[in-house]
Each structure stands twice: as C-alpha cells, then as structure tokens.
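Shared between the two complexes below is subunit A, which has subunit B as its partner in the first and subunit C in the second.
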Partner chain A sequence: MSCLNSQATAMMCPRGMTARIQIALTVTLFAWAGAAMAQKSSADSIAEYRTMLQDGNPADLFEAKGEDLWKQKRGPKNASLEQCDLGKGPGVVKGAWVELPRYFADTGRVQDMESRLLTCMQTLQGFNAEALAKTPFGKDEQNNVTAIATWISAESKGMTFNLSQSHVEERKMYEVGKRLFYLRGGSHDFACATCHAQDDKRIRLQDLPNLTKQPGAANGFGAWPAYRVSNGQMWGMQLRLNDCYRQQRFPYPLFGSEATIALGVYMGVNGKGGDATAPAIKR
Partner chain B sequence: MSDPMRIRAQAAGGNATIRVLMSHEMESGQRKDGNGKIIPAWHIQDVTASLNGKPVMTAEWGPAVSKNPFLQFTIKGAKAGDKVAITWKDNRGESRTDEAAVT
Partner chain C sequence: MNRIDALIVAVATTLLAACSTPMPSGAELDKLTQDILARSFRAEGQAKLERISPDEDNRLCAESDQTGVALDAKVAQAIEARNMATIQPPKDGKFLGDWKQGEAIAQSGAGKTWTDKEGSVNGGNCYNCHQISQEELSYGTLGPSLYNYGKLRGVANPNSVESKPIVEYTWGKLHNARAYNACSNMPRFGHKGILTEVQIQHVMALLLDPASPVNK
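And then the complex of A and B:
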C-alpha cells in the first residue's frame, strides 16, 4: 500500500498527503454525482426527443406503402397477400404480430413475421423466397418486405405480447434463442447478453433494454420495425438483429435464419404482457 | 414515381393544424457513394399549401431539410370539411400534390 492508493490509511501517511487524498476523493464524488445527473437528464432528453418526433414518425409512410402492397396484385402469380395466414387464419392481420414468432403447421417450423411474409410471397404471389432472403437490406423487393412488415406490426399497435409456447418446436426455439443470447464469441468475445442482460446499461448515452425480462424485453422487441432518424431508414427485426451481430463482429446470420427467429422467440416470450409499440421511431 | 404524402388536418378553436409527412430522399449533394463520387443533390425546393384552392403558404426548401420531411403549420380560419392541398416540387422538376379534408 502506498499513500497514493486511496485505500492507504491515514496512519501510514504524512498529514499533508492524507489531506490531499481527501480533497481528491471529495472531487471524485462530486464528479460522480454530476455524471449521474447528466446521465439521467440525457435519457430524459432522448425520451423527450422521441415523443416530439413520434407525431411525425416517417414510419407512417412505410406503413401506408405496406398496406398498399398487401392489397396489390403482384408477383409472377399476380395475386395479393390478402389470403396470407400470419397465424390467426388467412387474411387476419390484426393481433397477428403480438403472437409471432409461432409454429406453422404448413411449413413445419417456427417463423417470425418477416420469414412468414416470405412464405406467403412465395406461395401466394410466386416470388422466390430464397432469392428474396438473399436480397440485401434496403434493395429492391426487400424494401417492400420491410414496408409490409411495418404495416402488419402497426395493425397490432398497443396490443400486448402473448407468444405461444404450447408447441414443442416453440419451446425448443426459446431454448435455442436463450443459448444464442448468452453465446459469447467473435473477435470481441461478445454475446447479446453482454449489453442486454442487466438493468441500466448504456451504450454511449443510450439506455439499453434488459431483454431477459420485462419491461425491457417488450420495450426492445416490441419497438421494431422502427424508423431510424439518423440514417432515414426503416428497419425490421431481421435487420435489427443482423446489425447486432455486426456490432458483435459475428458473421451475418441470413435473413429469416433459424438463429434470428430463435432470438425473436426468446425476446418475444420474455416480453409477454408488454405493449407492442412498433412501428417506433429511433435515434 | 413518388409515394403519397400523409396529411392530417385537424380543426380546433377556429384554426386548423396541418401535419404533413412527405416521402422524399432529400439528397443534399454533399454525400459520396461507395466509389467516392458525389451523389447529386435531389431535394424538394418548393412547397405550397392551399385551402380550398387558394394558396395559404409557400416555402422554399433546400438541401438541409431531412429525408422524409415532416411539416406542421396552422391555417387561420380553416373549418372542418375544408380541403387542404399540399404540393411539393423538387430540383429535378418532379412534383406531387396530395389533398386532405380538415376534420
């Protein structure tokens, strides 16, 4: 122990030194209190900023476009998506999103909203789902998928999340999602859990939702698709997760991959009872 | 072809609050693409609003306005049932007009 170490006791140090340490400690404490106050107010400011923008959320534009696309006859089969079964029967859109991802008997797997949309676009409209999944985000038909997803989510706005865990595949996907959530790897030895498994974590000045429980899980999962003001883009959950993996320096999971769907099940089930706020607006 | 605007017009206390969302890239002309070439400017230049066919507001916009811009203003004396029309014209000469009734 030395006198420069804050744990050094007064006994071991000359008087002057102790005094200086005490002053230093006081200053540190003030700085901490200041940072805590600034932290709170920046979170408040971001919340205020979001409320102000919410009124003119450009997601509305994508929502309108998505509704049009849903009803429009398109694709090689020149059909609309109006008979698409999102889990509550053909053509039922309201309330479908707060129950997704879920198990679908016709495809024999658990699907989230975006991957289910691809299935409908293939079976009803004759698009090639595999080619659609490979289309980069923000390009061609992928833009339409995002717009339709925005509209579907908006139809469930304000409803509460209620994902089913009754099918064995749904329970399996929850377990897979949980393991992926805690899986550390990549050059930064990162997991989703590194940032999203504790309360009151921040990245830069943004609060991070704790996705392992309520209310964080629904706040996070229930806000996407969302419009990102900083780049003027509409992002669906698939792109959100792809970007999380990019930040973790993981390889990109494919669009509608088992991995991203499993994470969707994990977050969605954790968010049970929470409100669906999508399409939201993000910084 | 451009996407439609979203116009909301609500009457309150003898005035109407108009809120408009426009779908436009609003490229500033300052950004570069992946090859380092400047992306040409492409943005709305003129915005006009009319009430029952009579112009009530004009605005000149430049490259500093955001993508998918939001515009809010008040029209004095507008009542429910009045027609509000918004027109934008961009620097490529494209334009779009959408209309909404005051509620």
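And then the complex of A and C:
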C-alpha cells in the first residue's frame, strides 16, 4: 500500500492526505514484521495482524473519498447524491446499510447498496446506470461507486443487521438466494455451500465463515466493503461475489444482477442481529 | 384529490399489493431461480454459460443440500451407478506416476476460471481441502486428512495383488468421486476433464507410493 502502487490512493495523494497514508504504511509494515516474527499458530498470527492493521486501515481513505463524492455536485445534471434514498428516506445514510438489500417501490425491485447507488447516480446525477454497471471493476466511475459504498457502510459501523422480510419480493429473493447458494455448477461442481455451509472449516489457512447462520453470516457478509492487503484494493460486495464465482469456475455475474442481490438478501437475513464491521481489512 | 390523499392512496395501494401478492410455491421459486440465473450471468473467457445448467446429479444434490432432506437411497445409488460407469482405467495400465509431480499438482489451484487461459495446465486444488504431506502446513480442512494415505491402508507395494482394490478405488475416486458418494463435494477430476490421465497417475503416486512423503 503506497501512493506509488495503488492507483486509487495515488489519485487522492494531491488532496493533502499523504500524512495519513504514511501512517497507514508504517502500521502496515510494522504488522507485517510482527506477523513474521510471531511464534504462534498461524490463525492467531493472522488475527493479530488484522487487529494491528485495523488502526491504520486504508479503507479510511476510501471512506473519506466516498463522503466527498456523496456531497459533490457531479454528473450531467451537476447534482450531489444527498437526496439519494437508500431505504430510510432521502438523504438518510446512517443505518441504511444494515437494512440492505431491501425492496424499493420506485424501482419495483429489491436492490443492494451498489445497485441502489447506480439508481441514484442515474436519477439524481444523470449518469447512465447501465453503462456504470458495465464498467469493469477498478475503472473510472466503478472506483467512485466503491468509495461511496465504503462510506455508506462505515456510517452503519457497529450497528446490527436488520434486513426486512416484510415485502413479498424480499421473501422471494431470500428463497432464490438460498437456492443459488446451494446451486452446484461450473467445471468443478462447486456451490457457495461447498465452502460456506459448515462451521470451523478453512481453505488452506483461510477460515471460511458459515454463511447459512450466525455468527458466520454477519462475519462474512458484514465485513464488505473491505480493503484487501494482498492486492491493495478496496472491494465492495459485488466484487467479492464476482471473485467467489470466478473461483467457483462459474461464468461472469453481471454487476448488480438479481443473482448477486438475492445472495446478498440470503446472507444479510441470515446475519440478522450480527454486527456490521465494514469497512474491514482482509489479507 | 389533494397531495395527502394522493399519498395515502399510493401507500395503501403499495401495501395492498405487497400483502395480497401470495408467496410463490417451491416449484415456482425453483423456476424463478432458473430465470434469474439465466439473466444474471454472461460468458467470460472459457467460463461459458453452459456451466450454470446443472446436470441431473448436481440438481438432485443441490436440492438435498438446500432442503436438508437426504436423498432417497435409490436415487443416491442411481447417481453413484451412472458416475461409476464413467470411470476409465489407465490406458497404459499404469496406476502410479511420479509422486514429485503429484505434489506439484496437489499444490496448484490453477485452471478453468475465466482468468485462466483456455488449455493451460490445471492444478488439483488438493491442499485447499486436504492435509497431504506433513511438510505442507497450509492445508484446508473441508476434506479428510490424506497424510499416510497409503501406509494406513497397508499399501507396501502398490503393484501387489493385495493392494489392487485400494489402488483401483483411489483411481476411481480421483477420476469421479461421485461414484462412491453421490453428493461428495470433491470435483470429478477425470470425468470433468480437470486433470489428465497422466496428472491423475502422478497424484496417485503422491498418495500411494511408499517413497512419497505422504507415507513417511
């Protein structure tokens, strides 16, 4: 993580944030060294490494960028997102994330945070939501969507998940999400459930949350958006699911597609009562 | 109609619509899932859309996983029988290759994703789920430990008559695990073309060769 090797961070360096980056970098290096020296079990070392990184989570930088973007007048309509309705009324951000995905009457569908942001960027700012959805991860406006999602999630940090299941469309999406979670496919016959339906399992040394119930569901679902140290990138839930499907050897899930939203409903509802820890930091 | 009246009508209509729409049946939800699946993915690289049309074995196992209702014994036997029928013995008659190459295959998780080049060499992903040699500490726990696999099964000489059943079983398990356990989570390495016959021979040696670190 540095101004030199992270495109997104480099973009922010001229905005007087170099001091924060240096602090984050110092903490990162210190944690790396600490993890290497520790004579403990690898799981303990990883947990300690994450705790140390938490103080200097580079997600803070994306969070600050996201808040700026929310308030900034942008797009063809030169408007801010401050009137965006994330489910709790126009402009209400705090607590919105722990209730998403949810049904929205204006679009007539269940939406997660990222797909809802595209709706707001289209209706309020005049962007083309379809074009935004087709933009590859890590490019152009997709970076902004990730940053805004990071800030929105951070505004619910420490709150507990409470997704609605009162609308029939929300209940339908839960049932579809459950079916998708267990769907075996691809060249390797993998389902989400292959790795994420049992307690206390791991892949290599990586612990696998059981996403079918608490506490695994909130631990897994509630941590994204997260900063990934291994590649120096900020990942939203859409990219997290996209990379799961890549590793499952499935075809490419469309950004904001119903399948990804249904999985969000399934995990979020299963995580009811669990803590929202996003934006988290991952290996 | 003033604005408040209009709002009340709008809210009431929405609520009525929400309450009066019944929850679809299980079969309708299965159909909706298939429709959503068809609308939610695109082909990318070698990961074509046909990969999300599950075969009958996967459909039955997924339904059992999802509902928590175990497969009917006859259905499970039928799945195992049709997968058993896919298993081919080695063309050159040799079950074991080189354990060193087997270790490299077990270590590799490469292949078959949309970011892998089509036709590139695939790995076996073995360490993702299994402990294998004692030297490799970074192993997963989704599958059972395979450390001392051959030794525990008394394989002193893999070419002996006594070892034949376990050697043939292991070959079959690597080729198509669903022949022995209808809804196993293990990929069907031979049947689905993930590993070549030569690669399976190397992984066989890793598990069964008395010289392999697995059996030390």
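Following the convention adopted for this analysis, the second predicted complex is superposed on the first by the 243 of 283 C-alpha atoms of A that agree within 3 Å, B and C clash if a C-alpha of one lies under 4 Å from a C-alpha of the other, contacts with A are read in each partner's own complex, and residues count from 1 in each chain.
Note that in this section a residue touches a chain if its C-beta (ideal position, glycine included) is under 8 Å from a C-beta of that chain, and two chains touch if they have at least 3 such contacts.
Please read these numbers as outputs of a predicted model, since none were measured by experiment.
Undergrad: Overlaying the two complexes on subunit A, which is it for subunit B and subunit C: clash or fit?
TA: fit
Undergrad: Scan A:202 for contacts with subunit B and subunit C and give back first, second, both or neither.
TA: The second partner, subunit C, only.
Undergrad: Who does A:56 touch here: subunit B (first), subunit C (second), both, or neither?
TA: The first partner, subunit B, only.
Undergrad: Who contacts more of subunit A, subunit B or subunit C?
TA: Counting residues of subunit A touched by each partner, the higher count goes to C.
Undergrad: Does the superposition put A:194 against subunit B (first), subunit C (second), both, or neither?
TA: So A:194 only meets subunit C here.
Undergrad: Have a look at where A:133 lands relative to subunit B and subunit C in the superposition and call it first, second, both or neither.
TA: After superposition on chain A, A:133 lies in contact with neither partner.
Undergrad: A:180 contacts which: subunit B (first), subunit C (second), both, neither?
TA: second
Undergrad: Is A:46 in contact with subunit B, with subunit C, with both, or with neither (first, second, both, neither)?
TA: neither
Undergrad: Could you say whether A:244 touches subunit B, subunit C, both of them, or neither, answering first, second, both or neither?
TA: neither
Undergrad: Contact-wise, after the overlay, does A:232 reach subunit B, subunit C, both or neither (first, second, both, neither)?
TA: It touches subunit B, and subunit C stays clear.
Undergrad: Can A:260 be said to touch subunit B (first), subunit C (second), both, or neither?
TA: After superposing on A, A:260 lies in contact with subunit C but is clear of subunit B.
Undergrad: In the superposed model, how near does subunit B get to subunit C, counting Cα atoms only, in Å?
TA: Least C-alpha distance: 12 Å.
Undergrad: Both subunit B and subunit C contact which residues of subunit A?
TA: Subunit A residues touching both partners: none found.
Undergrad: Looking at the complex, which residues from subunit B come into contact with subunit A?
TA: Of all residues in subunit B, those touching subunit A are 3-4, 6, 19, 21, 23, 66-68, 70, 72.
Undergrad: Help me check something: in the complex, which residues belonging to subunit C touch subunit A?
TA: 14, 18, 21-24, 29-30, 32-33, 36-37, 39-44, 47-49, 51-54, 58, 61-63, 65-66, 112-115, 125, 127-129, 137-142, 185, 187-188, 192-194
Undergrad: What part of subunit A is in contact with subunit C in the complex they form?
TA: Those in contact with subunit C are residues 42, 105, 166-168, 171-172, 175-176, 178-191, 193-195, 197-198, 200-205, 208, 246-247, 249-254, 257-260, 262.
Undergrad: Quick check on the complex: what are the subunit A residues that touch subunit B?
TA: 55-58, 60-61, 64-65, 227, 229, 232
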